[in-house]
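Two complexes follow with subunit A in common, the first pairing it with subunit B and the second with subunit C.
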Partner chain A sequence: MLEVKGIENGIVIDHIQAGKGLKVFNRLFSATDNSVVLLMNVTSKQLGRKDIIKIENTFDVNMDILGIIDPNITVNIIKNNKLVEKLKAEIPKSLKGGLQCQNPRCITHTDDYAEPEFKLISANGKLEYECSYCEEITVYKL
Partner chain B sequence: MRHLIEPEDLTIDEINRLVEVGLDMYNNPKVYNKICDGKILASLFFEPSTRTKFSFDSAMMRLGGNVIGFADASTSSTSKGESLADTIKVMGAYADIIVMRHPKEGAPKLASQYSRLPIINGGDGGHQHPTQTLTDLITIKRFKETVNGHNVAFCGDLKYGRTVHSLIRTLARFGNTKFILISPDELKLPSALKRQLINQYGVELVEVTSMEDVIDDIDILYMTRIQKERFFNEEDYLKLKNSYKLTREKLKNAKPDMIVMHPLPRVNEIGYDVDDDKRAVYFEQAEMGVYVRMALISMMLEVGPYARS
Partner chain C sequence: MLEVKGIENGIVIDHIQAGKGLKVFNRLFSATDNSVVLLMNVTSKQLGRKDIIKIENTFDVNMDILGIIDPNITVNIIKNNKLVEKLKAEIPKSLKGGLQCQNPRCITHTDDYAEPEFKLISANGKLEYECSYCEEITVYKL
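Up next is the complex of A and B:
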């Protein structure tokens, strides 16, 4: 198996459904200056195959975004080679930013003051979020 | 301080009171013609809507208040790129209450987050237009005595017509349990709304494609415009538009005390020969809109019948 050394300080985003690692990277870390490793199709007892992301010297991660991409994701925070915290993603009940309203006539597309805010309406196979401004439903597919 | 962004911002009791106060203003206008003395309504129309603007302006003037504002975004500072939040903050010093119409959906909600004045939504895109719903309710009350207990039918474009969606939802909140929906298959009521009406309010919906089948059973016939843009080809449009047109001929089978409503402007969905029929109340409906807006302005400014003792 491909060997990648552990990190001293940073986070490990684990149990990402295989194929979604790149999505996580693009949404959250495409602009980072820190070292990032994206592992794809790693063998996993639990999932069969999974993706993993390791980022050095970063401790903040938007758990809501991880939650809408894949609620099975776990996040390990590592300081001085030690696991100091383990977080579990979950489907967010509400979201600020992170999603674009699907309604082209919505005020959030044209006014900088209107930060898109959403409320979870349904998580039945697909995630349905209601925009707090125009009340249209935006679907985020799992 | 409160805002009116959508009909759900008002309780059923509050709506009932607005309708009562509005009817009293209609019957006894002199009692109320000074209650907004010294008050200013800012009427901010980022998108033109002559009818709604004049209705609000007239309402404020009939209460003895004054009006400032613009009728179209090209004459306002937004055309120079000013954000909505800034426009609204500045208005705080110029007026006592704001009515706004905006092409973007959710704009009044955004404005309310930055306003120190009460905001009334005068229509935001295809989203909400709560004072149209109040206008419809006061009209029903004036002509049918109660808001509840009538066979209400909606005819025409039930898919895109926000006026219809809003009124149906509000009537369902009032406890109306049955609606007749007359439309072509292409323009049926959206299924999400149907689900809400059935699940949340236990409403029975009767869907038909022909007015003739149901006209003798209707107490309130709410007509809407079928827009050409909704159709792929001219032929379909022309064919459909006439089958959803109300004529004197079709009225023959209707109940003698049925009323015909329409949010106006109409194009040709109601024949001009219907206007003289006493069942046609759409011009009175537009008139009642002024009075229910007067009641609303009084409520939000806490003056006249709404003054705090």
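Up next is the complex of A and C:
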């Protein structure tokens, strides 16, 4: 069985739905210089199969992005080999950045100063976010 | 330090140039159901930093694709906790599949029966492969 030892300092992103780890990884850590481990399809009592990411010497993680990829994700923050904080992702009620408005004519695509903001309209099977600029709905599959 | 225990049965793709592990992973294993670990930026005596991929219950790997991503890659095949074979990637002299011809009018893009084949023309800093159908050169950066 594949196993990874704990980390001294850093974060462990756990309980990622199997198959979604690569999405989290590509979205948040593809350009990091820190040591990072992506485990895919490891056995889990709770989920059957799950993905895990461990990243050293990093403590910040965008919980909103984790929440729209998989709200069941948990984040453990480890300092000096000790678990100092445990966070739970959740579907964000509002979002600044993280999503692109799907209306191609939305001002947020052309104006660098217009940072896209979104308000959660519905979370029924899929996430529907309304753009604060053009009111177009952008859908994100759960 | 992040460490992963060995695997009982499977392959270890080692000595991947740091930063290229994700490319190997996306290219070869993004859809696997087997347990797989991608380690990025781990410390290495030989390379300073390197990436490693370990995948369980898999013994086939496309050595040509590894060779065009990074010819310094080594592959260890593990059966019942024992190293049974050690392979070394190398730049392939010819390629069947693995690359797309960069000529958009090449027959290989439209005819399902025309599987693209390439012949290595030059390996000086970048790889130049000539398509057997249209003779266009497709360049792959090392």
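Here, the second predicted complex is superposed on the first by the 142 of 142 C-alpha atoms of A that agree within 3 Å, B and C clash if a C-alpha of one lies under 4 Å from a C-alpha of the other, contacts with A are read in each partner's own complex, and residues count from 1 in each chain.
Throughout what follows, a residue touches a chain if its C-beta (ideal position, glycine included) is under 8 Å from a C-beta of that chain, and two chains touch if they have at least 3 such contacts.
All figures in this text were calculated on a predicted structure; none of them were measured in a lab.
> Using the superposition on chain A described above, determine whether A:32 touches subunit B (first), subunit C (second), both, or neither.
So A:32 only meets subunit C here.
> As a test of reading the superposition: which chain, subunit B or subunit C, is in touch with more residues of subunit A?
With both complexes superposed on chain A, more residues of subunit A are touched by C.
> Is A:100 contacted by the first partner subunit B, the second partner subunit C, both or neither?
neither
> Which partner does A:56 reach: the first (subunit B), the second (subunit C), both, or neither?
A:56: touches subunit C, not subunit B.
> Per the contact definition in the header, classify A:40: touching subunit B only (first), subunit C only (second), both, or neither.
A:40: touches subunit C, not subunit B.
> Report for A:122: first if it touches subunit B alone, second if subunit C alone, otherwise both or neither.
A:122 sits against neither subunit B nor subunit C.
> Given the touch rule stated above, what does A:22 touch, subunit B (first), subunit C (second), both, or neither?
second
> Quick one: which bits of subunit B touch subunit A in the complex? Just the residue numbers, please.
83-85, 102-107, 109-110, 113-114, 124-127, 192
> Can you tell me which positions in subunit A touch subunit B when the two form their complex?
Result: residues 103, 105-114, 131-137 of subunit A touch subunit B.
> Where on subunit C is subunit A touching in the complex?
Residues 1-5, 7-8, 22, 25-26, 29-30, 32-43, 54, 56.
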